[in-house]
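Letters A, B, C, D, E and F mark the chains in the order given here, with residues in each chain numbered from 1 onward.
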Amino acid sequence: MERVKTGIKGFDDMLDGGFLPETANLVEGAPGTGKTTLGMQYIYNGITQFDEPGLILTFEEFPAQYYRDGASFGWDLRALEQAGKLRVLLISPEVSVRDLAQVGGVIERAARDLGARRVLVDSLSHFERIVDDPIELRKLVYGFINGLKREGLTAIITRESDALFGESLSGEGDVAFLADSYTLLRYVEIESAVRKALIVLKLRGSNHAKDIRQFEIAGQGLEVQAKFEGHEGIMSGSPHRMAQSFVEAFVRDRR
Amino acid sequence: MERVKTGIKGFDDMLDGGFLPETANLVEGAPGTGKTTLGMQYIYNGITQFDEPGLILTFEEFPAQYYRDGASFGWDLRALEQAGKLRVLLISPEVSVRDLAQVGGVIERAARDLGARRVLVDSLSHFERIVDDPIELRKLVYGFINGLKREGLTAIITRESDALFGESLSGEGDVAFLADSYTLLRYVEIESAVRKALIVLKLRGSNHAKDIRQFEIAGQGLEVQAKFEGHEGIMSGSPHRMAQSFVEAFVRDRR
Amino acid sequence: MERVKTGIKGFDDMLDGGFLPETANLVEGAPGTGKTTLGMQYIYNGITQFDEPGLILTFEEFPAQYYRDGASFGWDLRALEQAGKLRVLLISPEVSVRDLAQVGGVIERAARDLGARRVLVDSLSHFERIVDDPIELRKLVYGFINGLKREGLTAIITRESDALFGESLSGEGDVAFLADSYTLLRYVEIESAVRKALIVLKLRGSNHAKDIRQFEIAGQGLEVQAKFEGHEGIMSGSPHRMAQSFVEAFVRDRR
Amino acid sequence: MERVKTGIKGFDDMLDGGFLPETANLVEGAPGTGKTTLGMQYIYNGITQFDEPGLILTFEEFPAQYYRDGASFGWDLRALEQAGKLRVLLISPEVSVRDLAQVGGVIERAARDLGARRVLVDSLSHFERIVDDPIELRKLVYGFINGLKREGLTAIITRESDALFGESLSGEGDVAFLADSYTLLRYVEIESAVRKALIVLKLRGSNHAKDIRQFEIAGQGLEVQAKFEGHEGIMSGSPHRMAQSFVEAFVRDRR
Amino acid sequence: MERVKTGIKGFDDMLDGGFLPETANLVEGAPGTGKTTLGMQYIYNGITQFDEPGLILTFEEFPAQYYRDGASFGWDLRALEQAGKLRVLLISPEVSVRDLAQVGGVIERAARDLGARRVLVDSLSHFERIVDDPIELRKLVYGFINGLKREGLTAIITRESDALFGESLSGEGDVAFLADSYTLLRYVEIESAVRKALIVLKLRGSNHAKDIRQFEIAGQGLEVQAKFEGHEGIMSGSPHRMAQSFVEAFVRDRR
Amino acid sequence: MERVKTGIKGFDDMLDGGFLPETANLVEGAPGTGKTTLGMQYIYNGITQFDEPGLILTFEEFPAQYYRDGASFGWDLRALEQAGKLRVLLISPEVSVRDLAQVGGVIERAARDLGARRVLVDSLSHFERIVDDPIELRKLVYGFINGLKREGLTAIITRESDALFGESLSGEGDVAFLADSYTLLRYVEIESAVRKALIVLKLRGSNHAKDIRQFEIAGQGLEVQAKFEGHEGIMSGSPHRMAQSFVEAFVRDRR
């Protein structure tokens, strides 16, 4: 099956090749876990490795912030924008929803001008904050997602997590039920340091890795690494070494 | 006793043969646990293995989404619909309740046209979001369930769980008290990976398995596998290996 | 002292013989734990073993549901009703309260016609949902309970628990303070299976067993079995094996 | 210093002899822990062992309930009332507050007629439910307590705990700060049974035992027994055996 | 640097000599932990050991309660008041704030008449209850504290903790940020008894002990003792013995 | 890359040299953890070690409080202010936002007069308290931060944490997502004492240390020390020694 590769080391393998085309892919994390970096890297790699132009919809930060953040990884987003491969749009969530619902809106035009195949929506939390009623929110997000799919776009949609460590409660009517895939970025305390974990919980229409993997944000962006070993309770953010490894250490010594 | 088989490997055994006829069977899980897949498989198997036509009531996703999701498991739902064995109805929860309460409504007619024996209601959470008052909700769900039973249907009703790991609080007046059976799908962290567990908590009028079973969603849909072994606290989503297995490992070595 | 026997294997022993006459006995549990089964069995045994006619007050389910549920245990409630030994009354909580407060109400007449000695009230949670103010609720329940006692009835009153595992918070002004006895039915995860526990917390005017007992719902209804052994934290629903049993296993091996 | 003895085995020792005269002594517990029994026993012993007449103020249950509960321990409260040594007053919390604030109210007259030295107030929770504002509640309870002290009474005041196991949150402005002593009755799970613990947290103007003691309610009422041994986390309701006892068991075996 | 000694055994050492002059020192604890006793002892020692007259501002209890409580430790507060060294003022929080803000108010006059150097404010929680808005509360407390400092007073300000064991949530805008020092009194369960711990979290402008110390309230008032040893999780109120001590016990035996 | 050094021992190393220029750096902690001290030290070192004048914006405390606090570390802030290197501005959060948004406001003028390169904003929590709506708050903080950046300032922004130990919930729309770096100061209980930990969670555009480091506030201000060793669960505030260290101690002894 055709896949939309992220080009992120290790992540495409977890996704059994990449995202499925024309899907909405949720990426959730606490401040500093790297949601936006992952999204930018997906857009940047799309353009530079797979020749798929991309769109960044931002509801809060100015484009300059993305240029600056990208630059720190050696990604010259401004140049890509000037080359007609990328467009960073600062828009309000309300406007973006109405815009996508109409023919010939700003987003549609930008997508068509670029021949965009990918989009980063940064972040879904801005939708969650403008609508209190969970039914309204679901409808709005569903409409927005379908609008993106209609344009032939494969989206990464970021979401802010309330809790620094462990699970943040999503409340009634979680929009994660609507997403085609659901990836969590988490802080994990291991040996008196704060590491990062990436988990793919859901990938509609495909197999995916179930491992809880370590990842780092280095000079080139995200790198997904080996799974954690010998720990229990990683998803809580505060794992402990497993009794099993204790036993093994013990037993090894006795022989 | 006559049973309505799901045809899902391992699940019918847990149910002591299958659901009881004309019952409402609640299946609850977090995003990505496979509630809808389980429900579609129940409908698909009903038609193809047991010659029981079926209905899918969806309150949010378009029929095309079910066709697509089904296709990834090799289930050609569109063909079944064209063959008059299946009907996927997108309807609002409010309308569906009124519709079922009257003679000759859309659902009744669809069920009778098909000669439907099964129905997937996806999802109960949409009812929970339109009614705040728990008494009203209970009455509404009770009426809805009885309407389905009057049509001779055996229903799987999905419900969204708020928490990714562990228990989600159902709040006052949980409608699970009304269901004839209650099955939980849960994420469980085991050895640095996220596995899935299936538990049958309740099956009115019948014995059922009490084990906490692993399951996977593979190319053919859900497969219920062996029970978990050697772990405590599975229902919390974050189990730990049992002291018992520690002792056994220890003792084995000493002999 | 005279006792009202439930006839439920093991349960009467825990109650030091049975309930005290003309008392209100609270039985609380999550969906599927068997509250209603326990209550029906109390009524059924009352009629068939102790020749004490009984009443079932239901605030939600139709009598047919009780007939069906009873039938799965071989209890022919419909026949008992026809024989004038049982009455299943579907009534609203509001009406039942007013009814009991007046002379010659429906409940009073039904009780007198049958010569009823027992009543199952299914469930108290319906009262809790119609009254927000805890003072009002306490008065209402107190009045209702006293009305039943005035009729010479010994009642089992079920209550729905919000939490599947562990304690559900009862909120301010818990009516459990008013009950003459208080029995909890709980799910407990043991060795990767979901077992059930029964605990008698309170029995006014009598000694009672303090053990946390396992029970099963089998072909004949509830059977209370031996206490759990070697586990800590059972009331949380997620116990762990005790260090003590670990020590014993260890020590046994060394000798 | 003069002490007001409860006559309850073991409890007076914990209180370094008994309550201090003209104090308000809070006793808190979940349903079935024995708060009211402790209070009745204090009144009954006061009359029969120390010749101190007593008053019972009840805000909910009829006097007959106290007679019945007392009878199950062999305490003939009705006879004591007839002998002019006891008075059981059913009163509303609102009325009781106004009554105590005026000269020659019902409570004052009852206390003086009897020559009462002791009072059981059952329960403070009824005050907590009629007043939402914590400042108002504190003033009201403070006034009520001082009214009792003015009459020369030494009071046991019961309070209902919301949580069955572990701590119940008292909310803002806890009136426990006003009490002269504070005793907790708690359920504790030990070796698959539900035991009861009694703890004296506070005793103004006196030393007191800090132990967490087991107690039972037997044929004669409460009996405070030895402290728990070898467990940690008793106050949580779900203790575990201490590593220490594990070490000792281990070490004993090796010698 | 000049220090305001509390004269409380062990506490001055923890404070590196005592409080700093003209500071506001917060002391927080659950009912019965000894906040008011600590505060009275600070005032009493100030007068009798350091010749520094003091003021007690009480927002709820009558002066007589302080006399009585003091008397149980052998502190004759009434005599000190008569000697012009102490003043116990019952005042409302609202009035106290307005009073301090004006020239020649009651508090100012009392402080000047006495030549007061110390003040006990019992308790801050009364402020917290009269103001809902956290900004208002912070301003009010800030103004109140500065008023006391303007009078040259060094204050102990008590605060009621909501939770009996472990941390009580302070809510938004905690006034502890304004205090010059912050001392916690906590209940801790150790070996089946309830002990007390004292921790100095903060002491602006000075070093302080970081140990978690045991303390007792004995015949002479508070005595701060040695730190706890060999336990983890003391601040939770429910510590457990450390694995380390387990290892040591184990290792000791093997040699 | 150019870095703005804090001059705080160990902290600059964690930041891979220092903050990035013209960024907003969030520092969060409970009362007494040293947020304001860290911020003052950043300003003080900036002036005295790096010749970068600085501004302190305070929303609550008077400048005198900063002079006093600084003096206890030997930092003569008043002298620096008189030398035209520092300005301590007491301002309301509302005014500061409007002021920064206009040309020639107070903050702009102060920054330009000084030639300020650094600013301490103490604290962000005052913003959080004046705005309830999370969208408004995010906009306001975003505008405020950008205003500071426009003036060429590199900011430390403190934030009050609600919880003494462990994580405080930030609620919906956490402004930490807007910060360029995010540093946590935490209390940690280790061996019956309360230590302090510093963690850099996020540093946009740069690598940073992931260790959880101990720090102390000594005579010279903050000193960041070695990482914690041999403990799990440090971020919870209540760590326990690792099984690993247990194994090592055990194994060492057997050889």
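As a convention for this text, a contact is a pair of C-beta atoms (placed from the backbone, for glycine too) under 8 Å apart; a residue touches a chain by one contact, two chains touch by 3 or more.
Being a predicted model, the structure only gives us computed values, none of them experimental.
Two copies of one chain, chain A and chain F, form a contact in which under half of the residue numbers belong to both partners.
The rotation relating chain D to chain E, fitted on Cα atoms, comes to 60°, given as a multiple of 5. Rounded to whole angstrom units, the spacing between the C-alpha centres of chain A and chain D is 57. Centre-to-centre, using mean CA coordinates, chain C is 29 Å away from chain D. If you average the CA atoms of chain B and of chain F, the two centres end up 50 Å from each other. Along chain E, residues 243, 246, 250 each make contact with two or more other chains. If each chain is drawn as a node and touching chains are joined, the picture is one closed loop, every chain linked to exactly two others.
Following neighbour contacts from chain C out to chain D and onward until the ring closes gives C, D, E, F, A, B.
Residue ranges on chain F touching chain A, taken from their complex, read 134-135, 138, 142, 167, 169-174, 176-179, 182, 184, 199, 201-202, 204-207, 210-212, 227-236, 242-244, 246-247, 250-251, 254-255. Here chain A touches chain F in the complex through residues 30-32, 60-61, 68-69, 71-72, 125-126, 128-130, 160, 162-165, 187, 189, 191-195, 218-219, 237-241, 243, 245-246, 249-250, 253, going by the rule given at the top.
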